[in-house]
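Look for chain A in each of the two complexes below; its partner is chain B in the first and chain C in the second.
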Partner chain A sequence: MNAFRWWRGILLAFFLVALIRVFLPLPFSNEVVIFSIYVMGCSFLLGQVGFISFGQPAYLATGAYATAFYLFYFGTNPFAGILIGIAAGIVMSLIVGPLFVRLRSDYFALVNLALAVIIYYMMQKVLAPITQGDNGLWFLTNMKSTPILDISRPKEFYLFAFLVALGVWALYKYLNDTLYGACCLASKINEDKVTFLGYSNFKIRLLAFVIANTTTALAGSLYAIYLGFVSPEMTSAHRCADPVVVTILGGVGTLFGPLVGAFAFTGMKDLISNLIGNWELFIGFLLVFIMLAGEKGIWGSLEPRLARLFTKRA
Partner chain B sequence: MDIQLLISGVIFGLSIGSIYFLTAIGLSLCFGLMRIISLDQLFYYAIGAYITYAISVYSGSMWLGALGGLVAAGILSFVVERFIFLRIYERDIAFTMITSFGILIGGVGIIKAIWGLVPRPVLMPTLTQWNILGTDVPLYRLIVVLIAALVYGGIWLFLNKTITGKAIRAGIEDVEHVEGLGINVYRLFTITFILAGTLSGLAGGLHAPLIMVDPNMGLEVMPFIFMVVIIGGLGSIKGTLISSLIVGQVFSLGAIIYAPLAQMAPFAIMLLILLIKPTGLYGSKLLKR
Partner chain C sequence: MNQTDILTVRSLNASYGESKVLFDISLGVKPGQVVSCVGRNGAGKSTLLKSIAGFIRSVSGEVTCDGTSLLGIRAYDIAKLGIKYIPQDKKVFSDLTVRENLELGSYATKDYNWDMVTDYFPKLKTLLDRKAGFLSGGERQMLMVGRALLGSPKVLLIDEPTEGLAPSVVSHLKTVFGELKKKSALVIVEQNLPLVCAISEKIYAIKEGRIVAELVGDAIQANVCEGYL
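Showing the complex of A and B:
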């Protein structure tokens, strides 16, 4: 397995992403990069810690709205907006985390979904004077251009989002190799043994929850800056399954899964919504089909073959 | 708060709670016996409502429509169980959850393809108002409560007085022992699943005249069904009944006090109960996953 050393993998994967930028239109590649950051958090929770979360849009919206509030009401610097989005993600997951991670995995999924819907209602109705309800907040013109990397322009935004994705990816890669990553896997497989070894399941899971959901919030604030507006639509119940679908499409627990999944998902979405208008029908049956076909996903079934190929050459 | 508002609020809460109960009981039973989280119950709920709409437009009778919706939901759940769930009962709980979410989303797509995106009204079968303590109360809401009470009684009798029902109850305790006694547990699974789907269809049919039917109605009611199931504890019928009454009342009385509170208050109650008891009011502690 040495053939797939992490630095080779990272170079290969991101070389491919850079290649996408050359051959494919800019909005598409922006979408893929942000979506892959979004999915990385969910993939980490599902693959390494064993928590299935249908409520990722809740944290996405937390990050997005925090950024939007800052840019709409207070400031003009998009970088500060992103930092505020991250901070909001940390605060949010620290508030709900201690409650949620104590639950069994089935309850965890249900509670998260409920949270996503509650945030939807909050943004749509309860906080309507601040969030302007369904109209959303528009702040594209509020953003000032920044000196070195002007992320209010799509081209340079892509570069920035790409670097962020690289950073997040490297973080998860690093986490997987540390003792902490091993603890996460151990607490997924057998929580009693983790307790016997002297680790606290609660702390391991809380940290994982905070890391994953902060990543999601970061993706949310990137979305907000890229689109220049936010609306409650992003946390509606229809979108709740997206990250889970993409995680499974790419391959659960693999590091490249989110990248491959986000690419395949966004591509299919673009292609298929051109052909038929009924996107839900397709996504639902795709999900059922992947699950019945063995839940390995694209990267999960591709990886062993690639690894063999590389070892032969080496 | 004046007394008339309070009475109509309580009746409203009871009828909403009854509909939540009818839908949540399916999720709860499926979890108790088969250890699956069957999110596709909400698809049968929407199908029940839509068949009710179609038949009541055609024949003019909503009761006939509700009956048709119930039967259609039952048949559909049987088909789904045969072709999809029978293959995945052995799998992990997250696995069945994702699959059933796929069925739900696909089902919404099917409904959109057949009936389109526009919300449709279903005619109210009776507009009679009964006078209770000086307050006019719509008779239909009382009928909904009565039907839910009858269903609860019927399920109680089924589970406690028939051999199949006793086998299902034993299966909720320990499936492997029941299988060891020579009972075909997969037949029990099928019966339970059809029962759950039928009740969800009935809930959809009864709910249809109170709201407009639209393709996303399953997804809209989903958070409340979840709250009912979580507060009551997965797998417990008594817990589901009690928590659906709680959620219904909180929903309707919360709306009287402060309108946006209706959607938020049940969530606050859910968090409170989970803080005190992480398994819900009547959830079993035995399950470790």
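Showing the complex of A and C:
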């Protein structure tokens, strides 16, 4: 990655994302961008901290429902809705994080899955009087136009989501390059030795947990604004593996992995679901192939080749 | 074990679950002293160091450093107090570079005096951008000791530092330990008896979790120590 400088990478990657918009339908472009934000948190947890989470939809729903509650019951400004979604993500992470990050990686995966199931039933049954259960909350028409960038309109929303994705990507790039990123990686490699140096694994992991899940909640808020609708379906058990699948598909621990994975996953879903009913079958086979082929994912395999290509040209 | 001891251990007992490993251990380390622990595998030497460093929670007795009781304090806070533990496995953060490994040590201690580290281990200067996973065993040990030196620790707890290392590296470490004791007290667990005898002011022989001998002065001889292995 030395020759293939990160700024060249980010410009190229986001140029391609912008290009998607030119050649591909707007809904597809929007879904790729939001999905990539959704997956960045999961990729950070898995790649930098070594925590696999099958409960990311819980945090996605936290952000989405917080935004939806605001826009359905209280306000009309979608930007305020996003800020509330982010705040809800932080609060949720701070409530469950101190309990969850003490667990081993395998138990961490399952306890998050359990949280997603709990949130699903909370939204579907327990809180049905305010969430309207399976019918969901519809608030598309409640949103008022906003000055400069009217994100209640899909085209302008795409630009906004694109800029947010760029910002989130830059944040994770920054985190990876800081000492905190090294601390996370060190904690993943050998937690005892991090303690020998005077660091608290708990604090390192809690911060990572809050950052990752706040990112996921942000993605939830964006979904809510984009669709103008939320339902418990987004946190149902059969969607829980999606962010992990996309992380592995794109390349665990790589910065571009979430973007590439989201593009590949959404693309395959759209293309293959037109041909066969059970498109997940194809994704399953692809995942098996990727893991048997070296566990690098699409970007993890492409990156060294691109680096060589750029080195030669330089 | 008088008032000048920087590290004092009194009646220390430690266990792994139901299994008791250390029995009534007492020892003292003065500033600038090298104290070694010898004994057979499984005697409890490493457990002693881990107990002092706070990695074993089920301990009773008294451990104080410079007057501060260490029992009940979390391991990372003990490290911040200046008691650094260097484990025997020589596992560094393999995905991080030597520079990043040192940065981790520096940030925790707010000590960025890498010149001091490279004065002791000049080779590290040439390896700063190499991933630690690609270092030799000797280089890893240099990195681990060098990283632990940041923050000017009061006590270094070093577990089997020469295990599996080439004679030239062992010789270098011996010189370094001789220099280090001017700044920090050293507690070393080691099987290399000639090295132990050459650098130690005091040796504790440990057998089945108990101190069975305390050797000082002329009693520190390899053949005497061998009797306790």
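Just so we're on the same page, the second predicted complex is superposed on the first by the 312 of 314 C-alpha atoms of A that agree within 3 Å, B and C clash if a C-alpha of one lies under 4 Å from a C-alpha of the other, contacts with A are read in each partner's own complex, and residues count from 1 in each chain.
As a working rule, a residue touches a chain if its C-beta (ideal position, glycine included) is under 8 Å from a C-beta of that chain, and two chains touch if they have at least 3 such contacts.
This is a predicted model, so every value here is computed, not measured.
In the superposition on chain A, contact of A:Leu287 is made with chain B only, not with chain C. Legend: residue contacts after superposition of the two complexes on their common chain; A:Ser200 is shown touching chain C, with no touch to chain B.
In the superposed pair of complexes, A:Leu185 makes contact with chain C only, with no contact to chain B. After overlaying the two complexes on the shared chain, residue contacts for A:Arg305 are found with neither chain B nor chain C. When the two complexes are overlaid on their common chain A, residue A:Val111 makes contact with chain B while staying clear of chain C. Considering their complex, residues 31, 37, 84, 87-88, 93-95, 97-99, 101-110, 112-113, 216, 219-220, 222-223, 226-227, 229-230, 234, 260, 263-264, 267, 270-271, 274-275, 278-280, 287-289 of chain B touch chain A. Taken together, the chain A residues at the contact with chain B in this complex read 46, 50, 52, 54, 99, 102-107, 109-111, 113-115, 117-118, 121-122, 125-126, 237-238, 241, 244-245, 248, 278-288, 291-292, 295. Considering their complex, residues 53, 55, 74-77, 79-80, 84-87, 91-96, 100, 103-105, 107-109, 147-148, 151 of chain C touch chain A.
On chain A, the positions that touch chain C within their shared complex are 179, 182-183, 185-186, 189-190, 192-201.
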